């Protein structure tokens, strides 16, 4: 098949490459001309503006937008909507808020345009490992473009089959699903990231407990000087906490068990936040997912929070306690 | 009545004073001779060692130990146990772990000695405001010493009476109770402090939300520059969140709304920790009380936690994300 | 002064009464004619529709809307906007989301109309105790209507003055403030309610710990049978956790320490939810405020959550654990 | 090598089997004679009491105790201590509290006996998959018995090697480590289980968010009817949240997406609780690990907690709110 791709960063470029490896044709565009030239050298057809990109695609067209969520994606889709023809489809593969998908799909439908939202997990590893995709939108449009998704997905591989599954492998076993109507793909991806935050924080707290067991909060005869790199490694082998995130942790700890290159300040992104907003809207208690997000917020306030100072002020007030200065 | 008092710090000294104001007699001891001399000047009888203190008290004696919990209290009680006679009573007014009370009371009982554990709230304000006391131990011993507790307690005062209470004022309305067997006094005080941590953290988070509303996490047209001192004050007046802790916060914010004297590093003490251990033992979910304790733990790690670095290492691993250095 | 009031429920009716007690005149409207008639009997001027209400007020008019947040308030304000004249003011005293205030104020300003948002705490007690008010909107409009707010507020009363305050009593000490531009009043009230949730949950967890200490999760020799009503009472007397919410708890526990009339299912309202959304937006960690909200969500799922079943399914999977049926 | 094994339940029996498969000899004992007979049929040597077991082992002996933690293990080790000779070793493979290991090792050392604590993960899958082992105790004793651990461990298998590791495979890569002095093995296993709780709860909350998106907390046009079994499956394929726990979840959801066999009441065990106690002792914030434990506590109180009723009582008190009965 033929696919237009806009945005040739880490993700978009590799999506183009993986599709071409599978024999599909791509027409690619990026603000950065060098990115286009680079992919032309790998077999893609370059387009220096959106008009050219649309021209080079045969109807019914499919254009994958792989840009930062928010304004860049929003504006590009608005421009595309002016250029495309009824029956064409826009695919948003970025990290868009699912309610924006719902709004956009309704707007584009008025022009006869289709819209698929593709939650994509796999990050920098996707080119080789394949992309795990959760896709929202009209089912027949999804099915028309399914060969593309199948090529991008990891495929069945050598992962042991889920107990109870038999017969021909289903889409999910290839690594992509049609999740539901517009927005459903990004909704599922959002929850995926919310879970990811929780998993990461569970490991983080555990490793903190391993490390602090050797620290001076404890009397000397209660301390263990534990080897965190060895522990991460052994847990990869038959334990209950085996996971890909643990594999990555083991990688990092081999190189530097102190993790001294990191400041301790941790970023967060939209999905982690929207997950909490969704929980609030749906009245679902999510103490773990919210704690994971809050730990990141807290990590960025290394000078102490105003709230902490309020605590100290109260303690001085009722008990005459004067806080020690921070270590 | 006559009471021996060991430990003439902020709390012990004021307990002596408040008792003498009410006409009781005190025999006082402290490692620090000046503390003894000072109280002698206010009418107390000084004792330069525990033996002298016991000598100056008439049987059945009562000795109030007001020392830091742990070793200082433990050793003093062990020494007293050697000096006292059957029928005498030891009162631990410090912040002892309630299981230590249970053990001690059983040991002392073998010698015919009585033991009361008194959880005492009121801090630096107790001399004038009175002490709120939760008392564990044998009921008849409690009743024998009740005039002392009544003198230390705030008394009925002008606090509006609880709806549904009528007739003569009960002990609780005077500000002291017999909570139950040995350990019950400190158990109730421990829970009191656990709640205190939760209340404080609730205000802390709220004031953080007020302050951050003017901060640069938000676009300019979404900011409000709120006056936290005025808000604390107005909430003291007929709102649902009126409390003594809010009064103290209002005091502090009048003086310095920035709270710039505080580093943001907040201490914790035994009770807050034991409360969580008790919840774990009793299988009670305490998300608020534990969050309040953890916020204090976190506040003291201003250089970033090892756990946070684990997060950054994973993020680099799966997404190639390089964390920004801390602000 | 003269004030129009729309919505004569528990809050609106008492606001009218408290204003009339202070000598102000009211023109009142409600869908329910009996509510109007009732207040007419207490000195108010009734109006059977919005048009009549506007007619009976002299320009520049002020109309207080005291209706459920959301559609009822939104529609009423839209209708009023058609009827009022430039220079008139609408006051929203309900529990409106502060971003709705910001939008409305901007829309009304185009017609020359003013808008004040009044966060009001005090509930069923306000008639006698006075209302604590946090007010957003243009400062000069606030000042024009200040006599009304002053009459509704609790006033200075006999609450001990905050340390460091002196001279003439400020607005905040009377129980109302001008918090900032449109939305600021409801924002501050929202945070107030967020704090309220946290405070309540702190007490709830503490009382759970008191009660469970007598329960069968513990071996018999570790149990204390504690009197929660006495404990609530004694904590009102000089302890650090003294508050109005504790007073209410003490009231309830005198009547029935088992609280057997309650199912354990607890409602929540918009402010508690918006507080968490604001924290997410402002990147403020609020573990206590969110835990308090989640505890309420959880309390309403008495048949077990789907998430809990996921846990059981995993446990069966990795350990062969078969969960016991719920008690 | 030769190993004595006491306790032939799910774990102990399979440990004997896996060792025999690798050519080691076992002398086995259980209270239940049939369990002994069964393993005799598979090549083990049976012993009908501890004395016989000790007799049948050649010095220096090694005896693996695989019993429930607490009294059963404690008593058996005490009896063994009377029967064994200096130089012999006791291995505790159960879920013992690490401070009990420290105490026991010190006591046994006085008799010249050695003690290893082996934290063992792998559950019902260990026979085929191998056991992941974290081992505490004297290093030379560990090394003497290493062939047994190597046989029980999963071995290198086909798991992709951690980046940065090269050369001969280390112990950790075979699936076992010497974690440190006595207690270190169970300490690491305890933290492992703490992390496990956190991971499980992260997935549980995520699946709750997927399911509730189709529920009636939302207006109809905001709902997605998501297929949780397909989502679990697709996440196994190249996503960031891939893990063994997710594999098990996918297994369960294929069979019954409603999970209707489960009541929602979830058990917990010692390690999850001790992890929180350790965090409190070491002053490490563990909001995720504690939230996961508390969610289980809460799941077992399906009639509503006393704390929740306290909330309702306050709400009635300040706002006149009458809670709806639970659904």
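Here are some notes:
Think of it as A, B, C and D in the order they're written, each chain with its own count starting at 1.
Throughout what follows, contacts are C-beta pairs under 8 Å (C-beta built on N, C-alpha and C of every residue); 3 or more make two chains touch, one makes a residue touch a chain.
Chain by chain, the UniProt names read as follows: A, B, C, D = 6-phosphogluconate dehydrogenase (Decarboxylating).
Please read all numbers here as calculations on a predicted model, not as lab measurements.
Using CA-based centroids throughout, the chain positioned farthest away from chain A is B. Think of it this way: of A-C, A-B or A-D, only one pair shares over half of the B-C contact pairs by residue number, and it is A-D. Between B-D and A-D, more C-beta contact pairs are found at A-D.
Centre to centre, using the average C-alpha position, chain C and chain D are separated by 47 Å.
Between chain B and chain D the centroid-to-centroid distance comes to 38 Å (mean Cα coordinates, whole Å).
Mean C-alpha position of chain A lies 31 Å from that of chain D. Residue positions of chain B touching 2 or more other chains: 123, 125, 201, 203, 205, 208, 212, 240, 244-245, 251, 281, 283-287, 291, 294-295, 298, 300, 305, 307, 318.
Chain B contributes residues 240, 268, 273, 276-277, 280-281, 283-287, 290-291, 293-295, 297-298, 300, 305, 307, 318 to its touches with chain D in the complex. In the complex of the two chains, the chain C residues touching chain B come out as 121-123, 125-126, 129-134, 153-154, 157, 159-160, 162-165, 170-177, 179-181, 183-184, 187-188, 191-199, 201-203, 205-206, 208-210, 212-213, 215, 217-218, 224-227, 230-231, 233-247, 250-251, 254-255, 275, 278-279, 281-289, 291-292, 294-295.
Looking at the complex, you find that chain D touches chain C at residues 10, 123-125, 200-201, 203-205, 207-208, 211-212, 244-245, 248-249, 251-253, 259, 262-267, 287, 295-296, 298-300, 302-321, 323-327.
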